[in-house]
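If you scroll down you'll find the structure; I have some questions about it.
A, B, C and D are the chain letters, set down in written order, and residue numbers restart from 1 in every chain.
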Amino acid sequence: MSAIVQVRELSRWYGIVMGLNHVSFEIGPGLVGLVGPNGAGKSTLIQIITGQFRPSSGTLTVFGEVPWNNPRLLRRIGYCPERESLPRDLGPVDWLHGLGRLSGLRATEARARAERLLEKVRLPREHWAKRLSQYSKGMRQRVKLAQALLHDPEFLVLDEPMNGLDPLGRQEMAHVLKELAAGGTHILISSHILAELEALCREFVILNWGRVLASGTRDTLRTDVQGWSEQLQVRCDQPEKLARVLFDAGVLRGFQLAPEGDWLHLEVRDPEVFYQRWLELLLASGVVVGEIRSESRSLRQIFDKVTA
Amino acid sequence: MTSLAAPNNAPAADPKPGVPGLGSSLAGLWVLSWRGFFAWRRAPLWLAALVANPLLAWLSLPDGESTGFLHWNVHLYVGLLMPLYCLVVCGAMIRDEVQDDTLAFLVTRPLTRARLYLGKYVCQLAWLQCVFLVNGLLLLGVGLLRDIPEAPSLASRVLLAGILAALVYGALGGVFGLLTRRYIVLGLVYGFIVEVGIGHIPTNINSLSMLRHLQDLLAGHPAVQTRYDWSADGSGTGVLIILGTTLTALVVGAVLFTWKEFHASHEALK
Amino acid sequence: MALHDIRYRHWEGRHIGVWQRRGVIAFSGLRACLQNRWTRYLVGFCWLTALVYVGLLFCIGQLLVADSIIVEWAANLNPQLQAFVRALTTWLEQHPEISVRVAQGLLFYHYATFLITAALVAVALAIPHLITRDLGSHAMVVYASKAINRFDYLVGKAGVVGGLLTLTWLGPVLASWLLGNLLAPNWNFFWHSRVPLGHAVLFILAGMAFLSVLALGVSAVSSREKATVGLYVALWLVGSALEPLGDISRPWVKQLSIRYDLQQLARVVFQPEQDLRIAQEKVPIVGEVLRGFGRRPRAPWPPAPAATTWPALAIFALLSTGVILTRTKPE
Amino acid sequence: MLRRVPGPVIETHGLLKRFGRFVALDRLDLRVEPGAIGLLGPNGAGKSTLLKCLLQLHPITAGTAKLLGREVGREGREIRKRIGYTPEQDCHIPGMLGCEYVTYTAQLCGLPFEAARQRAHEMLDFVGMGQERYRKVDTYSTGMKQRLKLAQAIVHDPEVLFLDEPTNGLDPRGQVQMLDLVRRLWQEHGLTVVLSSHLLHDVERVCEHIILLARGQVLVQDSLARLKERRRGAADVVVSHRQSEVAQGFRARGWPSEVLPNGHVRVEHGAPDLMPLLDCLRSLGVAPLEIIPSPNVLEEMFVKALEGAHGPA
């Protein structure tokens, strides 16, 4: 499948402040995660995609069209902003109804859809009569997601959609998003909680200082990152012994005994060989293992390496 | 690209909404706006807008005192309260959304920015017309209660002035609201310089003052004419000028809104 | 990374008192107000007017000595005028108490009421810095989590208005009194001017207290600067538009104007008509002059409507207090 | 520099808070000893309300609450001198410089100006804010605002620190730094920290004690170590592929096992260490990337505890 968003030499400046600086990349179909430190340009990118800002130079197209002031394209995009402000005087159904009319739904259809979506995002019915200003953070996130889905968009742009949700809410939200993705909707999510994004997305775009540092799936990202190596942490009763056994077997590039006691940090020479032999060696050594961690494969490790 | 045009398993029973028509977008904006006008939170404000002016008039005017009644209508109501209220209501229409950080929900909808702006204007206008209609009728009632002989004949002109004032000051207020977040200050400066200053000094450009044309309209009433010694001629062209100004302001506003980006984070607190 | 080397330290020391904390709020708010260019211009302007009044006081003082520059200057102009001035001077010299008291009383009445407009502008400039911004930026929560309570907070914020009004209103008046009497020909001017000074201070302090409450009330109405300043300006504009109407219709309409109320308060405190009456009775020439000048029959003025002024001020103050108490309630 | 307060920090008896008809806190009995305490709960469980009641930002409807042995509601100024609070939302005063703001808040707590100024800079150093402190707070990024909020909460050297979602909006690196700061405040300097958060990971990293609220009531109050103890014998196994096969293999050994939505294989092997598990994996011919014992204790506790209390979820 071809790319949903195509970015060519895009720059965006706010006066003298930099938002995005001369970036070119593509955002593919499916669930894509957008990560980067604060001020990396994520919001700028999202706001250009959803037609709120224009590029200072270069082009950004979604489905081959420029988003600014383009109803034909905006019809196909759903957007959930990061900030939690909502209109103060409306209830959720009225709000969604009004926005639904603005999205081209007929009156009866808009109301029915509003109610269906509120159920879909699991906003308990007892809260429907309340005004939005009385909503807690979690409820706000749900309503915001509902309004993004009103016109059944093909491309969904979500800025920090999990923020302020409790763990159950996060699970539910992730479930809804996966369901949508399975139904063929393309979704771009920005988030600071890397572990969650990792569980959700197939592909990632990493931004920093207004530039795209890396993009691709987790595996391609890992091979692209310079200086990456497979690393393991093992908690066991005799770290020295385990280290000696493994080192003697020649599968390690290096190791380190953690100062706090029973942790052993391993740096692997060749992952393929290592994983073939490592269980044997471990069980033969007689060391009792309590925990094995390998953060080096996680998005967080890649992120740290890339943005360092 | 074509493969992306529709998700492969979109439910058949649920046809994709298209770009909204004019009626649909107006209806949507009205649904979003009207509760804001009547919110309990703002009850003091809209109560004041609807009844404070006639109530104060009723309390303060003695029976049969037509000078006071005329002064109230011409100077206080048409000359001050009307423009001020239009400025406040229409200046806020976009600016409030920016400051509440809710504009993003509107501009990411599938309608052109110009239509969004004009739709918002129409909603605010409807509210203004309601307020001025109620005010005008209540003032008529006050006039009748206080035995003012000119009250019935003046009422129609005051109501007409209300309609025109809402049109033109609403459009101007909208532009001010787009230009700066201190639109009230801008509006007051404009009021003092153009409406009061230029309007009252005999210059070549004093037809720039909308207030002048509105008061010309009122001066068509003989009592006002004798009381204030105003000439009533040319009120027909006055209406045309008002409508022309409205149109110009609306076009300027729509173009400005189509072109301008709004950065909510910069002024969320201001 | 450097930040890991920096350690947290405990603090053992004496805490400052609650009045000092209130003072901190007032001082910090005042500084925020003065960061605005226009506020600084306004303060500057007020102190410049003080110089003008010092000049006037100086002239009046010179009238009371026989061989002053004014007498000489009058001689240069016209011998007849000199004779008149000399006669006046002689008479005034004999009754310094009355002349100083009456002259300064009228002058300070005029000055204090003249500065009402400046004070109202100052309040408009101060309103956003009082409660509005704290409501808008949630700073209220921070205040509430510190070692102060709501009353302390309000006292501190009232101190902001008080401070600003001292700079634009009380300060210039006091300074002009001090400088003007230092430039006077005789030390006993200080003693003779005690009544006008007392009136001025009393009036301005009362006005300041009223304006502080009003400003806090308006400022607590909304969390948006635009709304609160707008409300204040609207109150002012509509009030002044209603003032002329009071002559046509019922007089209490005038009372809706804050400026008018403050002016009436000044009338009640200063009693300028009494000063004028004394001048007319005791100084025949002055009476003549006044009658000659005053084509408008200024004296006797209509009595100040104290009966309606007090309730008007009280209603405004009560409304503000109500707003303050409901809006600054914790959540 | 370790200074620890003796006696319970928070004590409530029948603490009741109503908003209209809605009961936010339902006769809460709580006794909290000094430590690093994590306050958990779903949206609307009453976490923020509890903090605000303790800080007297909300009046209490009924019952009593004591902070540091003093009755809340009577000795407001005295209590608040000894506590710090970082609210959830932004709370800076626009127009002020960063260091000016922290100095100001210190003075509000009763520090004399010289001490306030000095401590403001020390605390800004502590939270890792550099030259940005001389900029206006309006221009700060989310990360800097969070740091500033922490600085203003500890500048007057409180004994108890209440943190409401301190990592909200921070980028990954900022989250780690912030949590590290909070952890050190308790471990190295003896400030009791009450951390309210949705991110269970955060709480697990910093806190030793857990309080779980739901529907205005305390569901769980225990130390994290003890909670982990309960879940001994369960583990998450991360393998790069063949997940279902691995789960199948575990089940063949009689261990309940399933593949979780995030691709991990959850297994309850029941042994005190991982050796039987590793043995089984060897026989399956799969090398594990990670084995996490007693995984997601908090999350599971959370879900379990709430199944009754939480509505339709």
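The working rule: a residue touches a chain if its C-beta (ideal position, glycine included) is under 8 Å from a C-beta of that chain, and two chains touch if they have at least 3 such contacts.
Just so it is clear, the model here is predicted, and its values are computed rather than measured.
Asker: Between A-B and B-C, which chain pair shares more contacting C-beta pairs?
Answerer: A-B
Asker: Based on mean C-alpha positions, I'd like to know which chain lies farthest from chain A.
Answerer: C
Asker: Which whole number of Å gives the spacing of the CA centres of chain A and chain B?
Answerer: Inter-chain centre distance comes to 45 Å.
Asker: Distance between chain B and chain C based on Cα centroids, please, to the nearest Å.
Answerer: 37
Asker: So the centre of each chain is just the mean of its C-alpha atoms; given that, what is the distance between chain A and chain D in Å?
Answerer: About 23 Å separates the centre of chain A from that of chain D.
Asker: Whole-Å distance, chain C centre to chain D centre, using C-alpha means?
Answerer: Distance between chain centres, rounded to whole Å: 53 Å.
Asker: Two or more other chains touching the same residue: where does that happen in chain A?
Answerer: Chain A, residues with two or more chain partners: not present.
Asker: Tell me, which residues of chain D touch at least two other chains?
Answerer: In chain D, 94 touch at least two other chains.
Asker: Residue numbers in chain C touching 2 or more other chains?
Answerer: Residues 133, 137 of chain C each touch two or more of the other chains.
Asker: Looking at the complex, which residues from chain A come into contact with chain B?
Answerer: On the chain A side, the touching residues are 1-2, 4, 14, 29, 47, 50-54, 63-64, 69, 71-75, 77, 79, 81, 83, 85-90, 94-95, 97-107, 109-110, 147, 151-152, 154, 183-186.
Asker: In the complex of these two chains, what residues of chain C are touching chain D?
Answerer: Its residues touching chain D are 1, 3, 6-11, 13-16, 18, 21, 24-25, 28, 32, 35, 133-134, 137-139, 141-149, 330-331.
Asker: Residues of chain B touching chain A in their complex?
Answerer: Those in contact with chain A are residues 1, 3-10, 14, 16-21, 24-25, 27-32, 35-36, 39, 41-42, 100-102, 104-113, 258, 261-265.
Asker: With touch defined as at the start, can you tell me which chain C residues reach chain B in the complex?
Answerer: 133, 136-137, 224-226, 229-230, 233-234, 237-238, 241-242, 244-245, 248-250, 252-253
Asker: Could you please specify the touching residues of chain D with respect to chain A in the complex?
Answerer: Those in contact with chain A are residues 41-45, 141-143, 165, 168-175, 198-201, 238, 261-263, 273-275, 278-279, 281-282, 287-293, 299, 302-303, 306, 310-313.
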